[in-house]
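In what comes next, chain A is part of two complexes: it sits with chain B in the first one and with chain C in the second one.
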Partner chain A sequence: MRGRGRVWWRLVVAGVHEAAAYRLALLGGLVANVTFGFLKYGILTATVAASGGVVAGYDAQVMSTYIWLSQGMLGSVNLFGRTDLSDRVKNGDVAVDFLRPLSVQAAACLHDIGRGLFALLPRGLPSVAIGALLVGIALPSSAAGYLLGAVSVLLAIAVSATTVYLVAVSGFWLVETRGLQVLYMVTSGFFAGLFVPVGLLPGWLQVAAYSTPFPAMMMYPVDVLSGRVAGWAAAGLVAAQLGWLLATVAVGAAMTVGGRRRLEVQGG
Partner chain B sequence: MTGTSSTEHGPAIRTEGLTRRFTRREGLKRVTLTAVDDLTVTVDRGESVGYIGANGAGKSTTIKMLVGILVPTSGTATTLGRAPLRERVALVRQVGVVFGQRSQLWWDLPVAESFRILAAVHELSADDERSRTEELREQLELGPFWTTPVRQLSLGQRMRAEVAAALLHRPRLVILDEPTIGLDVVSKQRLREFLVAERTEHGTTLLLTTHDMGDVQRLCPRVLVVDHGRLAYDGSLEGLSRLVGAQRVLVVDLDEPAGDLVGIPHTNHLGSEAGGLRQRLAVDSDATTVAAVLAAVTDRVAVRDLAVEEPDIEDVVRRLYSAQRDPTPPPSY
Partner chain C sequence: MADTGVAAAPPAVRRDRWRPYRAVIGSRIRSQRAYRASFRMDLFSTGVIGLVELAEVLVLYRTVDALGGLDVHQILLVFGLADLGFSLASVVVGHVDELPKFIRSGTLDVFFLRPQPVLLQLITSELSLRRVSRALVGLAAFCVGLVTADVPATPRTAALLTMALVSATAISAAQYVTAGGLQFFLIEGREMTNSFVYGGRYAATQPAAVWSAPVRAVFGYVFPMAFCGYLPVLAVLGMPGPPGLPAWLAWCTPLAALWAWAAAMLCWRWGTRSYQGAGG
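Moving on to the complex of A and B:
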């Protein structure tokens, strides 16, 4: 087991180092995050003000917290649907992944988790800090709140990696997954609560959102970390994230087995 | 490692009736293409085999089935005593593969880090990792670019790093698909010398696909030729050249134009240029030597310069293909 642990750790570290390889790109990402954050802030606080100070339980302070936490997570969770793996399936380089004595699924997901964790440093924390300093946010008051929040953020990054893996391996059947990536991008943005909190969506759309793994990638950890949802309800959200993680891992494993039998290795 | 005891013996590779068809859509029609057709072949442990054939003859498809990344349509492949698909993880612990056009290194990371990850992937002990990495780094001269990100390497540097990466875990079977593609003469030579040394020292089985005659000549006592997915030849390279009548050719430049140099023992006059100033003689290497032929030529005319042309791999394969489709006896002397 020691050997297995070492290889998984190495893959996470590799993801971290790869993410760190393009520093200017990280800076660009941060600038985009913050700019978009102020845009969201302008629109959503206006919405709160227009509805008399509170909308769907969000006052100006809670809304600001939601905005900066969600902006902070944007660099770490994949709401775009595109991965290295989907390119590798399309051009056939995935053959090399199958030549390693590893689970292809675990290797790809851990690598993405490493990238996501790293992005918290140059993109996540600065986004939150800028928001906190310039417009103010609410954060947990107890250590337990932070701890549960941290677990929730970690699970969000993991669910995002295991879900986007499903898009990539659907390439074993589709080869070109760009259409699916666009569908993923459009859906995930709304359902994860990137543009507005899921609670602001009409009821039927909320039902749709909660029946996908997307809220587990952003809305849940933001709710837990901001303290908007606390106590057992917060634990329930973390449990839901865990459920989505297990479900997406199981589907991904089945798709990997099925896909391998169809694999034709594009490009000779 | 566990569970290897049952796979210590028996051939490195055995295929029986191995077949793979691909279905392609061309407009409204579905076209079936047979990439590998009823291939039955055995490669013993420690052998070094050149696997050659024209583009699209089925070489890469065979390799993919041997290592479990492609499912055969019918027939079986057994590699190092294992079923490649079912026992993929156990098998790839003992196999090293280089696909010339695909990288197994981490594009954005330094070469050194790729090796650290691969050492972890193959669960090498810390001591083993250190000594083996050092050995490969030295022999393949990876030192100068050891800390360079892979995306910044030249093709020659990357190929050396790729081969080293495939050999890090001391695989028993090494499969190289066009390993010298795009390399300059010096890099090719260095890589071949390394592979010879590696085989001598560790008894590694080597399967090599290539378009380069030099690779086969220096590395592979045995040659398999595939044509349209079928095994067209299995034997030595010399035997292959003999079979298809692709001989070494002695080209002589003369001081003065002369008549055709016919009747030199064990040669076949192929042609004359520049009014007889340059003449080409095919040499039957089994019956004579180039030196003896040259002596016989200089008895008759004054030779100013000479060159010996080795048979070209494409030419050999082409001749073999056409000989099998249109059976005519090989040329006689």
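Moving on to the complex of A and C:
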């Protein structure tokens, strides 16, 4: 068990190294995040102002916090649906992954988590800092708030990795997963609250959103960190994230086993 | 695939400059239609992208009557113009965004060997038909806006809107080409260009009055996205513009398109001139 823990840790570190290698990509991502942040800021604060200062529990300060935290997390969670693994499933390289003495699911997800964790430093923090300096944001008032927020961000990165893994391994049945990836991209952004907070959606769309793992990738940690949801309700959101993590890991494990049986590699 | 068609052409036909481009585009259209199920799925998915983007605008109007001086009917008109322009531009030149892939794999070098302009080859190397469904969403929004927003039915309106649609398409296409030119330097930093290609699309569908002064400078003039939908709609409805973006500028949309293309061609020239090949 100790040996396996070390291998898993190394996979996370490998993800960190991969993300750290492409410095220009990190800068490019930051520039894009901040530009979209300012565009979101204009239209969303205008919405808050036009509806009398508060809309769905968001005042100007909380809205600004939502914008910069969500922009900051964008580099760490996968809302595009594209993964290296889906290419490997399509071209058959995944057969080699199955030969290795470790779980394909754990390897793919931990690598993703490592990448996501690293991106918090060069993309997440500057994004939030720029927002805090230029327009002001609300942050937790207690150490417990920060701790719960940190756990929530970590869980969001993990849920994103284990969910996007499901898209990749559905390739065992579909072969070409591009259509599914595009569908994932559209729904994940909308339901994770990328452009509009989930709380602003009409009731039936909120129900639809909360029945997917997508809010757990961005909306929940932002709500916890911004203090829009506090106390036991915040702990409830973190518990929901944990639930989604367990569920996606379980489905992913079952699909990995089933997919391995279906996998047929031709040629040699 | 297309090269064989060109090589087989007799000398007399080869003088027809557009024949190779037509051959490539024809083959791309046929190839996309070959896998019907996959193509239908793509059409559906890109249509949903358009719908979600529209929903993201409409959702805000559930709680407010007007944003940046525009009500929901007027914003539909802005969204329709800007999104239709962007979608048409992505059908024709959207695949220029794949340039980093060609650069990294070294396949771009082939384009330099052919006796045709690289940009024209790249643009005509593909026609993204699946993006047509997204244009339909923009068109629908535009039509609903046109009927419900109390638009005066005059030749002036027709002139402004026609000019706006052509310019919006040209401006969006120019952003793709600008991004392409910069990709020669950025390669792995390609996300940076997303800020004005996709960020530009997002900006073009917004009422520019809500922007802060720096954003107004960047997306009003440097990347002239306010000219795609917002300014023409203001002029059609006879509304004044926010500080720094007066509504009469709507008559200058072709100038904005020219400026965007001048910047695009400069970036492209700069990029291709400094490209040294990826070896191989």
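One rule holds in what follows: the second predicted complex is superposed on the first by the 265 of 268 C-alpha atoms of A that agree within 3 Å, B and C clash if a C-alpha of one lies under 4 Å from a C-alpha of the other, contacts with A are read in each partner's own complex, and residues count from 1 in each chain.
Going forward, a residue touches a chain if its C-beta (ideal position, glycine included) is under 8 Å from a C-beta of that chain, and two chains touch if they have at least 3 such contacts.
Owing to the predicted nature of the structure, the values given are computational and were not obtained by experimental measurement.
Superposition of the two structures on chain A shows chain C fitting alongside chain B with no clash. Legend: residue contacts after superposition of the two complexes on their common chain; A:A138 is shown touching neither chain B nor chain C. Touch criterion met: A:A46 reaches chain C, while chain B stays clear of it. Chain A is touched at more residues by one of its partners, and among chain B and chain C that partner is C. In the superposition on chain A, A:A230 makes contact with neither chain B nor chain C.
Angle at chain A between chain B and chain C, computed from CA centres in the superposed arrangement: 90 degrees, to the nearest 10. When the two complexes are overlaid on their common chain A, residue A:D93 makes contact with chain B while staying clear of chain C. Residue contacts after overlaying the shared chain place A:L242 against neither chain B nor chain C. By the touch criterion defined above, A:V7 reaches chain B but does not reach chain C. When the two structures are aligned on their common chain, the gap between the nearest CA atoms of chain B and chain C comes to 11 Å.
The contact surfaces that chain B and chain C form on chain A in the two complexes overlap at residues 22. Residues 3, 6-7, 9-11, 14, 17-18, 21-22, 92-93, 95-96, 98-102, 260-261, 263-265, 267-268 of chain A touch chain B in their complex. The touching residues of chain A, counted against chain C in their complex, run 22, 24-25, 27-29, 31-32, 34-36, 38-39, 41-47, 50-51, 55-56, 176, 178-179, 182-183, 185-187, 189-190, 195-196, 200-202.
Residues 38, 41-42, 44-46, 48-49, 52, 55-56, 59-60, 62-68, 186-196, 199, 202-203, 206-207, 210-212, 214-215, 219 of chain C are the ones that touch chain A when the two sit in their complex. Listing the residues of chain B that touch chain A in their complex gives 22, 60, 64, 67-71, 85, 88-90, 92-93, 95, 97, 99, 101-104, 106, 108-109, 113, 116-117, 120-123, 149.
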